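Below, each structure is written out as structure tokens.
Paired with subunit B in one complex and with subunit C in the other, subunit A is shared by the two complexes that follow.
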Partner chain A sequence: MRYSEITIRFCGIAGDGVVSSGKIFAGACAKIGLHVMVNDIYSAEIRGLGKSSSTIRFSTSKLNSMGDGIDLLVGMAAKESIVDLHDIKQEGSVMYDTSTPGSVVEEDSLVAHITPEIHGYGIPIKQLANEASGTNQGKNLVAIGAICYFYSLPPDMFIEQIKAIFARKGERIVETNITAFRLGYDYFKEHYPLNNQFEISKGLKPKTLISGNEAIAQGAIDCGLKFFAGYPITPATKIMEIAAKELPKLEGWTLQMEDEIAAISAVLGAWFAGKRAMTATAGPGLSLMSEMINMSVMAEIPAIIVNVQRGGPSTGLPTKVEQGDLNIALYGGSGDSPRVVMAPCDSEECYNGIQLAFDIAEKYQTPVIFLSDLFLGQRIETVAIEPNIDRERCTRKRPTPEQLKNYLRYQITDDGVSPLIVPGESGAIYSITGLEHSVTGNPNYESDVHSMMTAKRFRKFESMVADLPQADIIGDEKAVIGLAGWGSTIGSILEGMEIARKRGVTSKLIKSIMIHPQREDLFQEFFASCKKIIVPEMNYQGQYADLLKSRYGIRPIEVHIPSVNPVSPLKIAQKIMEANDELSQ
Partner chain B sequence: MKSVIIGAGVAGITAAKTIKEIDRDAEVVVIGDEMFLPYKRYLLTELLCGLLTQDDLIFLSLELLHKLDIKLRMGESVKSIEPSKKLITLHHNEIIPYDKLLIATGCIPSLGLILRPYKSYIQHYYSLNDILVLKNRLPEIKKCIVFGKGVSCLDLISGLYNLEKQITYITKGKRAHFGLKESEFKDKLHDFLEEKGIDIVTEDRIVSIDTSKHGYRVDTLRQKKLTADIIFGWDHYTPNISCIENTSIKKRLGILVNARLETSEKDIYAAGDCMEIYNPCLKKYWINFGFPNALEQGRVAGENMLGREEEYKIYETITFNLMGKSLKARWWK
Partner chain C sequence: MTEKNHFHSSGERAWCPGCGDFGILSSVENALMNLGKRPHEVLIVSGIGQAAKLPHYINTNGFDGLHGRALPAAFGAKAANHRLQVLVTSGDGDIYGEGGNHFIHAIRRNIDITLIVHNNQIYGLTKGQASPTSDLGMVTKTQPNGVSTIPFNSLAIAITLDAVFVARSFSREMEFTTQLIEEGVRTPGFSLIEILQPCVSFNTVNTYKWYSERVYKLDSPYDPADKLQAYKKSGEWGEKIPIGVLYKKPRRTFLDNQFKPKDLPLFQRKTVMKEIISLTNELFE
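Coming up: the complex of A and B.
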């Protein structure tokens, strides 16, 4: 068969090298110049032999999501891979290890569950790995070698990638792994000569791989992040790890705090002192930060809080994706507590979006909650990010010399934004408090003052709209079926729309990184042009749909998917088709 | 009752169908070592020549497989059988219990001692996989060397002729007869092929093969030096019965069965090209090759696995289409 797009899943347990398989494969495909997306799934338990999988989708054209189904399952651990057989597409394949030690009963045998609709390929994976390394190590390389032949992929690129990844472990390890790769390749060639053709066009250029978490960290550093404070939490920890590694090189700081409350407090302190600062967490951490985010609102101290969403509530599903934190991001504060909420949809938006978040936070002296999610944060993908490096960037509104003479920290202005100094500047007093306050910053509980200051804090959001990026409208502008989505679900929506288009039904999508505030005029106009509106999202309540309903008075078809996996494009395509059927009746 | 059938060829699948048609509740597992749905092997050359599609070859469709509720396990082979425990072990060490077992593993083309060292240079021509691999190579092939015997060899030559390939056939005999004993056409066969432009080398055999810049170089016993883009060949067919090694199942070349296709071990049957049955005409054990024979053996084995007492009656001839001529064939006088 000929392919221009393939999805492969490595499935195994700890020690099988499942995640590194994904990395090696993705790295080689990116070197070839293909578009790649990788999604790893692993168990939440730190100890023990939990199941893990790495799914790699690669294509000659741009990828928006992980798609539906897999073409090839590599069952490194038989029992754990059985359930994944259901994800194999019609005419898809499974590779399994024939060198199983001891006997296996039918119920636990991966092979026993292979149906005639899919093709099974037995390889003595352990045996070949043992031949190469003298141990079980290198099983994943044997499998990768076999896959390389199976899809006629250029082995040189894989060998190059193996060298790059294992170079720091020494020449012997590199050679062992290359031998394992070659053994897998040769075994498959000898036993299953009838291979497939992945069509690689000429002139492809190597691509860069990055994860959403890496893009957020890099974007922040490139726009002047000087201080990071955080507390480790899946799936956001990677951001802190990068900050810890990179910031000291740029005279910046990373502090691991005792908890999330301390982390956000430290971030507010750094902004107060005039430095661009950020924290990153997940849902449980965001809950803990709620009060200090309120402090950020009340004291008008900027803050950047990256929330890489995972399944909740409570500890919930630490290693599974969900978009369930929109409500807490929007409304999780006491009093009238406005905050900016942004949600990037891919790694490119993670990079550019976090820079916009910093600019908005600093200019409008407000907390910005940057809602990524586990799938977006951890998946690696090939992207073309144009670096935008300005580490001295500053968007704060400075007082004029005249204003500085009689400095009022919370001066009432038309746009709601008061001039902002750094504490200690000569001749000015910078007073902050979590209490309601007057223009000087001194506590004041009078009704008129509270009304005036609340209006000021909200007025900033009206002024901000002019700085917001346009909402993107994608698809057939004349279509009457419209979709609205947010975050990583956008990728699945785009693919779902494409599937529906191929089936003869066109639709359009409105997407914006801005959840609050939004360019309401553009959304109003878009919704007015639709006869049916579909809002898919990965939560049970339909949190974004609720926001749109209250804001725009629409009655959308809500697609609530509280799934632990990224949204299926096919499911979205089905909803579009159903909407079309309803319109046709 | 759980019936396990080793081999997803015509005999094995026919037995499976027979069991399920008689007893819907019977559990039937078929284990085949090929990666494809059961197919009609005798049509492979038509597929090679583009006269049929892969779907046309299917002997048991997915729909029928599901309808009959037969569990087919493809691409798997049996490592061992333990008749005393009624267990079989697959190549990946999975253990499958059975109540009744049928061995229908067919036969495989084999090379003799002289040619075995050159195995990697010789193209297999037996399975669907072989044909699909060959189809991919066809555009680069002009000159072919074929050696071997039997109707399947004649079938290959016929296919290559249809594909307009240049063919050299090497035989140990004085004339090309492909082991046919049928008197109607056998004497004319040699001349018929030569008239079609096939180069026949008689009373000779290949003794060595080497690769060359443009394909292969072949040396024969009579010191002929030939070149080809591809070499096909086999010395004989051998029953594929490695799975019964280390068992007490009686065998000669193939597994020995009685007229009810029972082996020497209780509840184990054999059918198709892997078994030998007593031929009263020949007065000796003998392998009854061929598609119609396999069909009938599968049916008889299936019925007997359900406790019936059917006896297999030997079929003697098959009909073969040779370049438009209908040819009856059998392998004994």
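Coming up: the complex of A and C.
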């Protein structure tokens, strides 16, 4: 068989090295110059009970999603891998450990569940690992060696990757791991001489691997972030970890606060005193921050809140993905409380988008909620991010010398944005408050003042439109089936559209990193050109569909996927086909 | 006073006539003046409550924030610009109740902030419910059978956590309060000055008379460096109530751990050019 794209899943339990298998494999593929996407799934428990899996998709062309199904399952733990057999594609394969035959009851044996359509390859994984290291360590490298031969991938790249990764741990570990890799490679070569060929074109350049969380942290640091205050929470902690490691090198600080409320409070305090600051959290933390986000709206102090969405309300599903926080991001505040909501769809948008978020927050003196999700945040992918460094352009509107003489912190302006000085500067002093206030910043509860100030706070969102990026329209412009989506679902939508196109049905997609405010003119125009509109998203309610319905008066086909896994592109394709069938009736 | 106090603001104050907050406001103004500060160099942060209105009644920068959240906001501001003189003024309900968690951790963090707690042992803004410092047995509309929860001993907690400066005063003792605030501001690190303050509208128990009969100034040979002694003093309440510096112990501040005082404030530091980190290998750390 010849392949230009393959999906492999390592499946096992704690200690099997499942997650590091994914990373070693991804690292080698990126070194070769392939496009890679890796998605890990694990339980919320640190050790013991939990099963974990790492799925790696690699291709010679750009990848938008994890796709549907897997070509090869590597069953590091037999019992835990049984259920994953269902995900194997037609003509797909499974590798299993033959080290301890007969030691498990049949119902727990992976071999016993392999159906005739699946090619099974037994390898004494544990035995070979012991041969290399004297322990079970290195099982994953035995498997990687076997896979390398199985798909005719260049072993040199893997060996280089092993060296790079384990160098810190000493030469002996490097040698042991390389031996384990070679044993796996040679065993497979000897027992299953195959002619599978993964097509690698010449002249490929190594690619950068990055996760969404890392891209957000890096993007923020590159545009002037100097102060990060946070509180650990899955799946957003990685952002704080990077900030903690990188900011001190750049004379900045990362502070772990006592709770999420303290984190967002410190962020507001820092912006108030003139510095770009940020926090990152997930749903439960965002709920706690709601009141202070409202303060940010009211007092017109910028704030950047990254929310990496996980599943469910309350503590929910800490290690599973869902897009359920759109409503709280948009509406989670008392009173008339406008805030900017952005949602990146891939790591590149995480990097560039967070920089746009900082500029908007600073210029318009507003909170920006940046909605990533667990799948986007944790998946590793190869990217072509253009480093955008030294972007510390200040977007703050300064008062004129005339305005400074009689400084009004909340001066009424055409665009709603008042000139701002940083407290501590000589020339003027001012107080801010979460109470309604007059142009001076002093509390004021008069009806006309409240109306005037509310209108001012909303007017900023109208002015902002001029600074917003265009909405992207992707696909066949002439198509009458239109899709709208947000966040990491976009990748699955794009791939679903491609599957449908190959089956003869074209469609188009409108997407924007801006959820609110949005380029409404472009969305109106797009929807007007569609006969069928499909809005897929990973939640039960259809939160984005609700927004689009109320904003544009459309009646879309809503696809609600309360999900613990990334959305299946096939499912999207199927919806497009159904919509086409309805149109042709 | 002969010299004009440039911290004094002439605006209206929404406090009841006779409120202890007036005395505290004057003490803050005088302390800042005596310290030679200029209005733009000072930031006063507060939460919600009668005491928390103070930033609007004084000529400095002000951050009148959310209920209970003054301390972390003050921390963020001080971190971004350590040249600002940051004071927090708020009430017992705000700092010890809604913001209790932040109170504990602000002491641990030890950033250079002066916390002034107006303690009137009651909720004034919401018209007279028990606060964390209300005495046992106090009857209110929400505690009709009397308070049955023991009072929060903020000074004991601050001493336990080695706050660098722990003091108590009484709002009527304005000179004395002014001196304590000055000393608190001068002390590097997190200082706590709790000021007993009668609420003339809602606290009919802890009145001017009640406090006046009980407070006494700590004097030598009392040694605020003696932690056990300080801890013991913090438990003295009832017939006699000590005021003055209960505890004082220098400790490395948050800023000492971050950079040297001559360093540029965070908000003035520029972004340094940096390459995108290739994360392939870092993933394994």
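The criterion applied here is as follows: the second predicted complex is superposed on the first by the 579 of 585 C-alpha atoms of A that agree within 3 Å, B and C clash if a C-alpha of one lies under 4 Å from a C-alpha of the other, contacts with A are read in each partner's own complex, and residues count from 1 in each chain.
Keep this in mind: a contact is a pair of C-beta atoms (placed from the backbone, for glycine too) under 8 Å apart; a residue touches a chain by one contact, two chains touch by 3 or more.
This is a predicted model, so every value here is computed, not measured.
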Clash or fit (per the criteria above) of subunit B with subunit C on subunit A: fit
Angle at the Cα centre of subunit A, taken between the Cα centres of subunit B and subunit C once the superposition is applied, in steps of 10 degrees: 140
Comparison of subunit B and subunit C by subunit A residues contacted: C
Which of subunit B and subunit C A:Ile261 touches, first, second, both or neither: second
Which of subunit B and subunit C A:Asp521 touches, first, second, both or neither: neither
Partner chain in contact with A:Thr100 - subunit B first, subunit C second, else both or neither: first
Which of subunit B and subunit C A:Asp581 touches, first, second, both or neither: neither
Touching partner for A:Phe227 - first (subunit B), second (subunit C), both, neither: second
Which of subunit B and subunit C A:Leu209 touches, first, second, both or neither: second
Which of subunit B and subunit C A:Ala112 touches, first, second, both or neither: first
Minimum distance between Cα atoms of subunit B and subunit C in the superposition (Å): 32
Subunit A-facing residues of subunit B, complex: 35, 37, 62, 65, 72-76, 89-96, 129, 132-133, 136
Touching residues (chain side subunit A, partner subunit B) in the complex: 96-106, 109, 111-112, 114, 116-117, 119-122, 192-194
Residue ranges of subunit A in contact with subunit C within the complex: 20, 23, 27, 30-31, 161, 164-165, 208-211, 214, 218, 221-224, 226-227, 229, 246, 250-253, 255, 257-259, 261-263, 265-275, 277, 291-292, 295, 380, 385, 387, 389-392, 422-435, 441-443
Touching residues (chain side subunit C, partner subunit A) in the complex: 11, 38-41, 43, 45, 55-56, 59-66, 69, 71-81, 83-84, 101-102, 104-105, 258-259, 263, 266-267, 269-281, 283-284
